[in-house]
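Next, two complexes with subunit A in common: one pairs it with subunit B, the other with subunit C.
Coming up: the complex of A and B.
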């Protein structure tokens, strides 16, 4: 019968219209600017640098300026300059730190490859999506002061992932300390103890793709 | 061309209500030679019906199209040359941006090419997860396509909004798994970057279980609708011979009655383990292209059902599989899969360094677009719009 399909279709739209008032599953409107969206834990947008504490973010950056992320970044939006001197890291070991660490968020495509290749868990994905700037170049080019966020913030946005990272880092630290203790005990032997950083990779158990990456060579000492 | 035996693959024919039987008939077109002046019209590049920045230079005789020239390249991003300057891992997020509705299948095709090139085995769990993600992507693509096609037909709003409502559910799944709605970037060489949790799988199961009901509703709205039949049946016929000769793939080829589906022909991944049928059309018109996609979604639901049921445990990514600094031995590889739009393939040539020396994308939308003029000749401008809609192009992939 001609018109049967049309009537059937109208019945569908009528059902949907009624449903949109009575079916809670169909209340889909979000009052966005007033009510912030509930983002899934995995949500990612733009990287940030993890610092151990909020009080001294520049002094406790995990980044050791190894420049792997700078090299691997597909759109080449990361710029790093190594420091000339060394500063003690969280374990007290002197490390090179990034004198300049800048990310051009106008170029960044939030692909997460910097996070995957970082052997130090120093760069992680943020969830900040409402970025606006009046200046296209300076305003969107974030320097290390703007990028640094404390580990507590990381726990807040990616709780599961951050807990895994903390557990792994703690295990690595324990292994390094154990190794250092053994090395100190065996001081009498002429063989020098292996550098503590060599203990980093074998303790990795998480199926993160970075596990395939060999531990980076210890940073060359500055001339 | 290698075609599967229809009996072996269990082809499903489109069930079609004939518009003619209901008294709906598209008037035949007889070109009138020299009857009047021809009019050249430029449709696009900023026309909503062109699905992006695409332009059609049409020459009209009255209301009928006598010549059509597709003009594209407005969205050219140098994708292939960038691929030659980027490491193998670095190209992965760029593939998201080809067909930006289906980053899951783009990722898979690229990962497959690199895995072939470097000889990387894929973990069992990842193979199943890839199938789940690819079929979800197919549901998303075909649902959107049907909505857009109806929008092109002039049915402004309702089907598109219903389609987007369902698409949003799939995008939520993608976002909670990969962290991004569209630029998912989940595949890695030898597996996937992320391992779906039990909650994610349960949510996917709920979506899959409810999707059939949505399709029933959507089809009740559209498939038997007399206006849809009048607008789409007999419009933009693609003969099977032309489709094969032009290298058309995907639902568009199958709508013309050619049962060619890489999931059956190549049997890549773990597809041979699943029981599903390949829907084919009869006339190759816009209606068949719509209907084939509707039926394909039903088959996708069947595949998802089986994949979610059989999903094995184990690692999702071999921790020894090299991602960064991959240097495959000199050689070449072509990885192709059945994307929602057709055969999406990546051809890579390695000279042993960290970047491919040649990186080529076989984009289904681009190849499918080449027959646009053949489909549109003799039809009206309004028909050209729905023919373009039924080809299912994404300009990110056409222009690259």
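Coming up: the complex of A and C.
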């Protein structure tokens, strides 16, 4: 009958009108500035630098200024200057650190290649999307103080990925410790027999083959 | 406004007489020669103020309701619940640059929106907004109303012509084709009301709809078979006359740029917008007057509510219906639009003319004859509707979507 479809259509909009007042499943709008958006876990846009602690972000950056990300970055938005000196990292080992680490977010294309290539899990993707600035040059160029965020924050935004990274780092660290312990034992055993050869063994066994995790401070071994 | 006060008791209530008392308080101290003039100016000011505000808040209500019907909140940033949005829009429209094309006819280009708003307002002069609340009492008020309404088409063509833009001109001609097509069913649907009420005066037509059959069934024209049919045709034609969705193809925001409004910006554009809403309000007010009993209360018990409040409620309900329809239906094509008018609405309205004549001729039938009268009238509505719908729908079977997932 002519008009049936028209009435059905009117019923649909009437249901929407009533439903949008009491049915949250219909009313999907989020009041954005007041209610922060619930981003999916895999959401990512700009990189940030992971530090081990929140209290001393500059002292515990995982970054060792190896500059791989700087070289790999397709739009060349990363700028790194190595430090002249070395500072102990989270595990106490002396490391070069980035004296300058800057990312120009006006140039960054959010490709995540810096994250893919980093052997130290030092750079990860952030979820901060509201980075509008009134100064397009200075305001969008983030320095290392602005980029550094604690590991706890990483756990907060990407829990699955962060847990996996932490487990891997812990496993590598354990493996290195084990290796160092074995090396120390191996060193101790021949030392009893031939003390003269003791000077050679550390150079052969001490450096971890994977550069990803610097080995923890060598266990105090008896000389 | 008319001074005469009906002797009936609801008419003597204080609220009912409040507008008249206010008018007398404001003009009472003037010399007698001046009083009608000031009184007329006062009515103009009140109509401008009330319908100006109604326009402002209709735009807000429209955006809020459209939003809700699409599961969105609508504007809610300016003031509480977005209540200041119309004023923000007005400031925006006023401060925008007013661009006039170099080749345009500057005078006509300026005149078109002004004339359109003026003509849209003219119709409101003869609407009885309440008992004794009518700005101009005319014997031929219905004729006057539709003459003023038809004149708005002139200013639409003026806008299209003066812009000196081929898109504007073509769109203005399309708009004229639409408006003239729909004048026919609009007027044809009004004729039976005039025949049955026996009056061309709006106050007379409202008076003819007073009282209740069996104490509960109002004598409103929309509640009779022929009146219901005429009301439906009138409202569909009114949608098209006021360029409202689904007949908004003169402007067709998504396909044409804005039709005859292409070369208009700033406050001139806002004036066109205002004229659209005023025209919609005027046609709705006319529909209330002709079919929904004007300011009459639906029940005798409810007569303590002042008549102008009843008129306002009915008017708002019709306007909300316009918004509801806009939220629901997609736009018609120009061929579908004219087909609907000439092949469907005009024949229905013509048969309805006969129906109205029958109703007027059988006004004195009572008892079982009254039932026969209602039955015949209802058949005169239903049979042509079904027959026309069947014949027009033939060959337009249910659409099948071959590639869409079923």
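Simple rule for what comes next: the second predicted complex is superposed on the first by the 161 of 223 C-alpha atoms of A that agree within 3 Å, B and C clash if a C-alpha of one lies under 4 Å from a C-alpha of the other, contacts with A are read in each partner's own complex, and residues count from 1 in each chain.
Just so we're on the same page, contacts are C-beta pairs under 8 Å (C-beta built on N, C-alpha and C of every residue); 3 or more make two chains touch, one makes a residue touch a chain.
No experiment lies behind these values; they were computed from the predicted model shown.
*Asks:* Regarding the shared-chain residue A:4, is it in contact with subunit B (first), subunit C (second), both, or neither?
*Replies:* Touch status of A:4: first partner only.
*Asks:* Applying the document's definition of touch, where does A:111 land relative to subunit B and subunit C: first, second, both, or neither?
*Replies:* First partner only.
*Asks:* Just subunit B (first), just subunit C (second), both, or neither: which does A:14 touch?
*Replies:* A:14 sits against subunit C, while subunit B stays out of touch.
*Asks:* Name the contact category of A:67: first (subunit B only), second (subunit C only), both, or neither.
*Replies:* A:67 contacts neither subunit B nor subunit C.
*Asks:* Contact-wise, after the overlay, does A:44 reach subunit B, subunit C, both or neither (first, second, both, neither)?
*Replies:* A:44: touches subunit B, not subunit C.
*Asks:* Please name the chain, subunit B or subunit C, that touches the greater number of residues in subunit A.
*Replies:* B
*Asks:* Who does A:27 touch here: subunit B (first), subunit C (second), both, or neither?
*Replies:* Once the two structures are laid over each other on A, A:27 reaches subunit C alone.
*Asks:* Thinking of the overlay built on chain A, is A:146 touched by subunit B (first), by subunit C (second), by both, or by neither?
*Replies:* The answer is neither, since A:146 touches no partner chain.
*Asks:* Would you check which partner chain A:83 touches, where first means subunit B only, second means subunit C only, and both and neither mean what they say?
*Replies:* So A:83 meets neither subunit B nor subunit C here.
*Asks:* By the touch definition above, which subunit A residues appear in both interfaces, subunit B in one complex and subunit C in the other?
*Replies:* Shared contact residues on subunit A (touching subunit B in one complex, subunit C in the other): 2-3, 6, 9, 12-13, 16, 28.
*Asks:* Which of the residues in subunit A come into contact with subunit B in the complex?
*Replies:* So the residues of subunit A in touch with subunit B come to 2-6, 8-9, 11-13, 15-16, 28, 40-44, 68, 72-74, 109-113, 116-117, 125, 207, 209-213.
*Asks:* Spell out the part of subunit C that touches subunit A in their complex, as residue ranges.
*Replies:* By the definition above, subunit C touches subunit A via 65, 68-73, 324-325, 327-329, 385-386, 389, 392-393.
*Asks:* Using the touch rule from the top, collect the residues of subunit A that touch subunit C in their complex.
*Replies:* 1-3, 6, 9-10, 12-14, 16-17, 19-21, 26-29, 31
*Asks:* Would you mind writing out the residues of subunit B in touch with subunit A in their complex?
*Replies:* Residues 22-24, 86-87, 89-94, 96, 158, 162, 165, 168, 172, 175-180, 183, 185, 188, 193-195, 217, 220-229, 315-317, 319-325.
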